[in-house]
Structure formats: structure tokens, C-alpha cells
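To keep things simple, chains are lettered A, B, C and D as they appear, and every chain counts its residues starting from 1.
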Amino acid sequence: MAHCIIAEAEALLDKEIPVLDKGFVRLVDYMGGDARVVQSARVSYGEGTKSYREDAGLIDYLLRNRHTSPFEQVVLTFHVKLPIFVARQWIRHRTARVNEISGRYSVMKDDFYTPECGDIAMQSMDNKQGRGETPEAEAAKAVQESMKNAQKAMYTAYTELIDKGIARELARINLPLSLYTEWYWQIDLHNLFHFLELRLDAHAQKEIRLYADTLFAIAKKAAPLCCAAFERYMLGAVTFSKEEFAELQNRLGKGDGSGLTGKAFERFEEKLRTGRQT
Amino acid sequence: MAHCIIAEAEALLDKEIPVLDKGFVRLVDYMGGDARVVQSARVSYGEGTKSYREDAGLIDYLLRNRHTSPFEQVVLTFHVKLPIFVARQWIRHRTARVNEISGRYSVMKDDFYTPECGDIAMQSMDNKQGRGETPEAEAAKAVQESMKNAQKAMYTAYTELIDKGIARELARINLPLSLYTEWYWQIDLHNLFHFLELRLDAHAQKEIRLYADTLFAIAKKAAPLCCAAFERYMLGAVTFSKEEFAELQNRLGKGDGSGLTGKAFERFEEKLRTGRQT
Amino acid sequence: MAHCIIAEAEALLDKEIPVLDKGFVRLVDYMGGDARVVQSARVSYGEGTKSYREDAGLIDYLLRNRHTSPFEQVVLTFHVKLPIFVARQWIRHRTARVNEISGRYSVMKDDFYTPECGDIAMQSMDNKQGRGETPEAEAAKAVQESMKNAQKAMYTAYTELIDKGIARELARINLPLSLYTEWYWQIDLHNLFHFLELRLDAHAQKEIRLYADTLFAIAKKAAPLCCAAFERYMLGAVTFSKEEFAELQNRLGKGDGSGLTGKAFERFEEKLRTGRQT
Amino acid sequence: MAHCIIAEAEALLDKEIPVLDKGFVRLVDYMGGDARVVQSARVSYGEGTKSYREDAGLIDYLLRNRHTSPFEQVVLTFHVKLPIFVARQWIRHRTARVNEISGRYSVMKDDFYTPECGDIAMQSMDNKQGRGETPEAEAAKAVQESMKNAQKAMYTAYTELIDKGIARELARINLPLSLYTEWYWQIDLHNLFHFLELRLDAHAQKEIRLYADTLFAIAKKAAPLCCAAFERYMLGAVTFSKEEFAELQNRLGKGDGSGLTGKAFERFEEKLRTGRQT
């Protein structure tokens, strides 16, 4: 009843799983698991949980009905190495506990993220925040080269200031957002699901999506039933607005018209086809 | 480097430590310990922590200088049985994760808190929120008896409604604040210290103070160095206001007068004698 | 561009809107409104929001795509009088700022909630947390009477202890959960929406639902466009799980089977008919 | 009783107060003020506040005794333009509500922070996170020039990528931490005090300290009594550890020895002289 020891999670402990060119995610520790969610739900709902004899059924019920607090009883601690521009998106999730390396205390290492040629893309025309088509291979290569050169130049300038004895907190201010940083990041499963819902989404920047993929792969080892319910009821779920639902009922012969028109109608059709909100 | 296994904490796991007449605190699980605080601080401060070779020195330094985030990397999960009026004070600490038994799902048990005769006290005259003198033994006994009778009567009324088939969520609304409830309560060490600072204080209601004592005793097993630093720099520390500090310097021949007068002066004298803020 | 002054909200300021038999909600103050959401979104998304020339369109876009942070820029302060059992459900929302009357400092007033006869109901058989059928009028009346008598008895016992000079913090411990308390409760619009989603739900206890209704009515005055988008995309929305969505596509001739069976299939049919998750 | 309109705060609304070479702080809105703190405290403490007839006395009492919740009832919204390396320190305060400009949606402007020559300093030898001596004027000038040149080069590289049509979310990754960003930042007074305590401290990096100075100057206009109490009991206060307090009592002839030795003793002497924790 005390520690939840989960063999598959144990096997991952202290292993660096590579992400991007120089980053990683490492599971430092975990507390609780599927069994803890069940235990704490049984404290809350007592008799209300009697009918769910099996853990999977109870976990499904909890997530389906948004009884989210039992999922907070599972906690995961990660050590992550990630580019600063990713860290800036990541830190917006305020419900985690973070210890990040400080450029005031330490000399930063010569580690920068450069996208692979295949990841270099043009500005999307229809999606204001995203990537569109891929440039020709040669053009992508040229972009990548110029990025690398700029990173080299900036790191050289940084080390020159450090060598002159300039304060670290000043010397670092021209380091680019592609520089790698590291942190300990601890989060409970409920809040991790919220993070994953946003960061596994197709609209999230590809770089943070790759980290989210890795976090999710690790979470599945630590709490497989919870993660399956998350996929079923959150990640893979599709939400229809009030008007869209009326249209749905209409189509299935159960309603009497919704009045969806124009762009709203197009978004609905797109959602029916792809499951995606646009 | 993964799980911190601390023998003294392991020995406590799943043991109910009695508090008040029918309550308890039980350590369900813990993640991290002194070593985790040190690990995560070394991520943050890197070279900056090299000079503190010993963990105790580094932990002392962190707490003394309010580098609080590494203490968030230690997490404790408790199962607590406590009267509702205590739960209402406790829940004001918003930085914890809670699963409480629900009177909508379950029939509440016949467990009420009645103070021991020695704990029954008169309203304090000078402290608006506290207890003053003790009544005579007979008077205290009478108060206790009348409390017990009222609790019996209220529980009988409750079971009558339940037996009639009235909805649990309605039947319970006349149950008193002295009824025991239970919850899982998970908190990180930094926020536990904040809780303890307020709830171990002489101004806290005695009943919650007894729970705080027990939580602190458990935390000392799980993270002894951190708790020692907490006692040194937070719990046992004394803070002087700007004016009071000027007065202090003055008395020690290092300042030139503070102008503290009247009640503020009396509070200062009291603080010098007792270490307590009034 | 500074204060958002909204005439309809101004008209509500400092008016107590009755809820239940003796409770109320009063709008103390508000900061921001629809215009502030638009302003702060334009800071975040800059050029990205140019195409939404109209505020309503932008607000719709933000909520539809879960860009929730601009909604945090609107803040509402309420003064609420509510029974303690409602307060205990309410306080579980941790993202608000609360000042509640303290029974340690003040003598509590003789104000108790007693349900109207029409609100007294039997335990639901199929819904573990809810109410089912209504008892006969006479039986309901009897329940109500016995509740009132118990409340009177408990308040008499309380005042006797107070009159004897027993400490307020002890005298109050047998007061029932039906006692009214009061608090200042301040919350931002994003978190209010989350509160409303849960507390306007048919599964929420009727008493807190009535407060949620009132909060929502007030919010609609202060931020009408935001509240309309909330109704469209959150409150009135219907979410289908991964499997349910496959079934939907199937029925509409766009997919190839979902494999939904048994209870899951029944829940799906129920959802299609009523829009409700069960 | 509704809106707190404070003339001095009104006068500041929508005025950009310059900070650093190109940054600013602008008060967008505020809710509440000294009067709101008093109102909400009177809800909480009722009779307990009777003896404080004047607001200043009550506010003093609240802060002195860490009754912090009434201070959460005052909320301030700022628009801030600040370098990214400052933003990264700032965002660690999780109890605020933020909308930041996004480099995925907008092309970033050509605004970089370059320290004035007088602010360029060598690494401190004894303080691992801080600045030490000033280099010669010529050397400082050279550092500044090289910083400016690097910023120009990086911005040119950025606009080249943008002009080629490369996705904004990629083009920006080599922009330096000295680039200016902007955000709406909303915080309550209690949490602002915590922010100020840390960021007005001599150990905070000078650049963020200048922003903290400006925030504090604005807060003083909106809630002068609260800010005066903050200066008295928090900002200007001096805290002595358990052992240091014993030493203090000893020196003043009220104790019997503390056993403070070595570095701990030196820190104590330093604190007595300067009021600073080291």
C-alpha cells in the first residue's frame, strides 16, 4: 500500500532519452501510479466506487466524469535538457515545480539546438503560428549552416566576455534562445495531462511536441491505465460546440436544425472528417 | 540517485499516529529527501554550490537565503483523519493536493471530536482568537458532557434521515463541525514548511497545532537536515521590523536611536524576552 | 483603455442578490471586461489577431482554441453568504482569493439553511451522489421541521457556551454544516468558467448550482461576449471520446466502425440524445 | 464601497514609465486599495478588528501578524516591456496572470537591451551570482560596442530568414536573451510583496531590480498604507535565526550564551551592522 513500485518505470529511472539534437528527458523519480489513483478515489467516493470492482473501470469512470483530483496523487520528477525557446513555452504551465540551471551561477555550455534540414520550413500561410511548406534541400541546408555559424559566433563572443572576467549575469545576455538549458521538473499526473493535451496538439511547435511525446511515453510506463483513459477521453476526444452538436443531432435525425453556416459550418465538416478543432 | 529510500521514513509508512481523541496522521508515501534537495540545487546553481561540499551546509545556505525551490522537490503524501473545523482551517493552504471523503457518496461514520476536560478553556480576554483560563473541573466536565450529548442527538437525527431514504447530500447538512472527516493530503516540503510555520504558531488553534506537530515529526524522519534548517532559520527565527532593528542597533551601541514608543515599544520588549510576535 | 466601465455591471454593484433562504451573492468590484480580453490577446498574438477585426470574433476564436490566458485578465470580486456545506465544496477551487468570517474572532449569527419542502428528496438509486424522487408533502414537511428544531437546539447550545464565557473557537465546534458563513471571493474569468462548468452541471448539488447560476448571471453583465463564447464552446459543448467519435463518423458514413458496445454504447446513445455525459 | 478610486493611481494610468534603455512599466488597471484590504479583513475578523478604529492601524496589525489574505484582494495589472533574460527571472513567480507577445505570431521588433557603460562590471569574487568591480571606462565601452554589434548581426540574420519566408517560430530561435519582449502582468498585492521582497533585494540582478523599483513606486500610489506596512515589517525587517537570537539576548544581558562561532558569527555581526543576510 505504500510505495507503488512499477517495474516498467523502474527500468527507465536515470536513463537519458534523447530529444532533438542534444536534449534529453530523464525520469528522476515517481510517486504513486494507477493503484494510488484508485486508493485515493476510494477515500473520496467510498461507497460510490463499490460498483467498480476493477481498477481500470474506476479510472475510466473518474476521467470520463472529470473527477480529476485522484490523478493529482501521482507525481513524476523529470530532468530535462531543452532549448531556451522551448523552456519559455513550457514554463507557462504554472502548476509544476522547477529548478533550472542559472546563468548567473554557472558558465553555460556550448550546446545549441539547430534544426535538421528536414525540419526547416516556410511560414504557413493559413496558420499564423505554424510551419508550412519545406524549402528546397539546398536552401534548407543554407539556413542550417547560417544558424550554426551564428551560434558559433555568439558563443565565441560569450567566452571572450567570460575570459575578460565580465560578470556571468551580463556576459550571457546575448546568448540566443537556441541555447540548451536544463531543469528538474516535477508535476502531478492531472497537470501533466493538461500539459500533454496542449503540447501534443498539432498546433504546438514541433520541438516542444517531441518533448511531450517523450514525457507521455514515460508516463505510460508509470501509470498505464490512467494514460489509456487520458487517450480515450481527452487526447483522442472530440468536442462539439452547442451549435455543432445541434447539427449532429440533426444529421442523425434526432434534432431539428442547427443553423450552422459559413466558416463555422466548414470547421464542423473539417472536425467530423479529422477530429481536429480549427 | 533515483528513489531516496530513508530507513526512518520507511519505518513509519502506513502506521496511523493518533491525534486528538479519534484522529490520526499516516504517512502514505514520500518522494525525495535531503539528497534530492541537494541534487536539484546543484542543477540550479551548478558551480555555485561547489564550495558547499557537505549536504548539510548547502541545505543551510539554501534555506538561509530563501532559495526555496529545491525544497519543492520533496513531496509527502499523508492520510489524515481530522474534525471538519480543523479541515476548514487546513484547506486554506491552497498549494496541496487533496482527496476528501464525500458525504454525498458515503454515509458518514459516528466519529466526533470532543475536547478533553483539560482542553476546555474560557475565551481569552487579550487574544481575540484564542483560549484563556481554564474553568473549574466540574464546569469543564459539564461542557464536555453537553457536547457529547449534542453529538449523539445530531448523529441520531442523521441516521433517521438516512434510514428514511433521504438523499445523503441533504441528510448530512446538520452534522456538526466536530464530525471527523478523512483525506489524502499531498504537499511539497517548501509548502509544508509554510504550513508548519503558521500552524505550529502559538496563535493557531490547539487542535490543528497537534496535527502540525505530528506532520513535523514525520517530516523530520523523511528530511532531517531540511527540517533542522527550517527550525533554525524559520520556526525558531525572530524577525524585527525596521524600527525595531534600529532600536536593537541603538542598544548595542551601533545606531543612533529608533524612536520606538508606546505599544510598539512594548511589543519589542516582549519579543526580545520571548522571541514572539504579538 | 484603462478601467473598463460596464454600465450593466455598475448597476449591480453592491446589490445583494438572494440565493437560498438566507444567502446572497453581491458583486463587490470587477476589473476588465470583454475589451480587456481583446487588449491582452492583441499583446500576445499581435499580427496574428489582425484578421479578427471584431471583438466578438476574436473572443470566439480564443475560447474555441483554448487560448485561455486572456480570460485571466478579467477579475471579479464577490461577497457571498452561503451555508458551510456549500462553502466546503466551493473552496476546493484553489485558484481564487478568499477572506472568510472566522468563528474564532466573531460570534456566529443565528442563520441556518433549511431546504424548502419541494427541495427535500430521496437518495437517487442510480446516481450515487444525487437526489431521486420527492417524498410525499407531509413527509417532506416533517423532515424540514425536524431540521429546523435541530438547528434551534444547536444554536441554543452554542449561545449557552458563549454566555458561560467558553472560548469561541471551542463553542462553535458543534455548529452544523447548515450554518451560514460569509466570504469575499475573488476570481478571474478563466477560472470562473472552470468553476461554472463543474458547478452548473446537473451532477452538482442543487444548492451550489443556485449560487453558480447567480455568479454566471453577474458575469454575463460584466463580460457578455466572453460568457456567450463560454456557453457556446464549453458549457453547451458535448465531448465524444475517441471510440464515440469513431462511432459518429461511422453513422455518418465517414468511418468504418467503432466497436462501441454494452454500457459504453448506451452512454453514447444517451449523450447523442441529451448532450450529457453519464 | 464598490470601486476604490485612488486619485494618485488614476494619474498614473496608461503612462509608460521608462526602465532600462528601451523598456517600460505601465499601470493598465487596478482593483481595490487600502480600503478594500480593510473591508475584507473586517469580513474575516469581525469583532477582532473592533479595536483598530483606523485603517492604518488595522493594516499594520494584519501585516505584522502575517494575516496575508486581505492583501490578495488588491489586484494590479501592468503592461511591461522587458528584456527576455529579465522575463525569465520574472516568470518564476507563478502566482501572476501573464499574456506575453509570441514570436510565433508576430515578427519581433529590433529592440535590444545594452547595458550602459557604468553598468558593465566584472564577476564578483565573493558573490557567485553577482557583479564586482567596474572595468576601466575604455574596456567597458569596448564590451558595450561588441554587444551592440552582435545584436545588430543577429537581428540582420533574423530578418533575412523572415524575408526568405522561413517560419517565424524557427527564424526567431537565434535571437538573443537581450531582445525586448512585452507582456500584460496581473498580480495581487500579497504576491507582489513577495515578488518585491526577492527582487528588490541586493542579490537580485540589477536589471530586474530596476523594474521592481518601478512596480513598487506604482504600488505605493495605489495602496500607500499597505506599502508602508510592507516596508516596515517585510522589506526593512531583519530576521535572526534561533542561534542569532540567543546571541542577541545574550548581548543585551537577557540570555545565557548562544554558542555562535566561526562564519555564522561573522554573518551575525554583518547582519547587526547592515541588516543584510549573507
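As a working rule, a residue touches a chain if its C-beta (ideal position, glycine included) is under 8 Å from a C-beta of that chain, and two chains touch if they have at least 3 such contacts.
Quick caveat, the model's predicted, so the values are computed rather than measured.
Asker: So which chain is the furthest away from chain A, centre to centre on CA atoms?
Answerer: Measuring from the centre of chain A, the most distant chain centre belongs to B.
Asker: Is the number of contacting C-beta pairs greater for B-C or for A-C?
Answerer: By the number of C-beta pairs in contact, the winner is B-C.
Asker: Taking each chain's centre as the mean position of its Cα atoms, how many Å separate chain A from chain C?
Answerer: Here the centre of chain C sits 30 Å away from the centre of chain A.
Asker: Send over the residues of chain D in touch with two or more other chains.
Answerer: Where chain D meets two or more other chains at a single residue, that happens at 45, 47-48, 69, 92, 98, 102, 105, 128-129.
Asker: Where on chain D is chain C touching in the complex?
Answerer: Residues 1-4, 13-14, 28-32, 36, 39-41, 43-49, 69-70, 72-73, 75, 77, 79, 97-102, 105-107, 182-184, 186, 188.
Asker: If we count contacts the way the header does, which residues on chain D are in touch with chain B in the complex?
Answerer: 45, 47-48, 64-66, 69, 92, 128-129, 198, 203, 231-233, 235-243, 245, 248-249, 251-252, 254, 272-273, 275, 277
Asker: How about chain B: which of its residues touch chain C in the complex?
Answerer: Residues in contact with chain C: 83-85, 88, 91-92, 94-95, 98, 102-105, 113, 115, 119-124, 128-132, 135, 139, 143, 146-147, 150-151, 153-154, 157, 160-161, 164-170, 172-178, 205.
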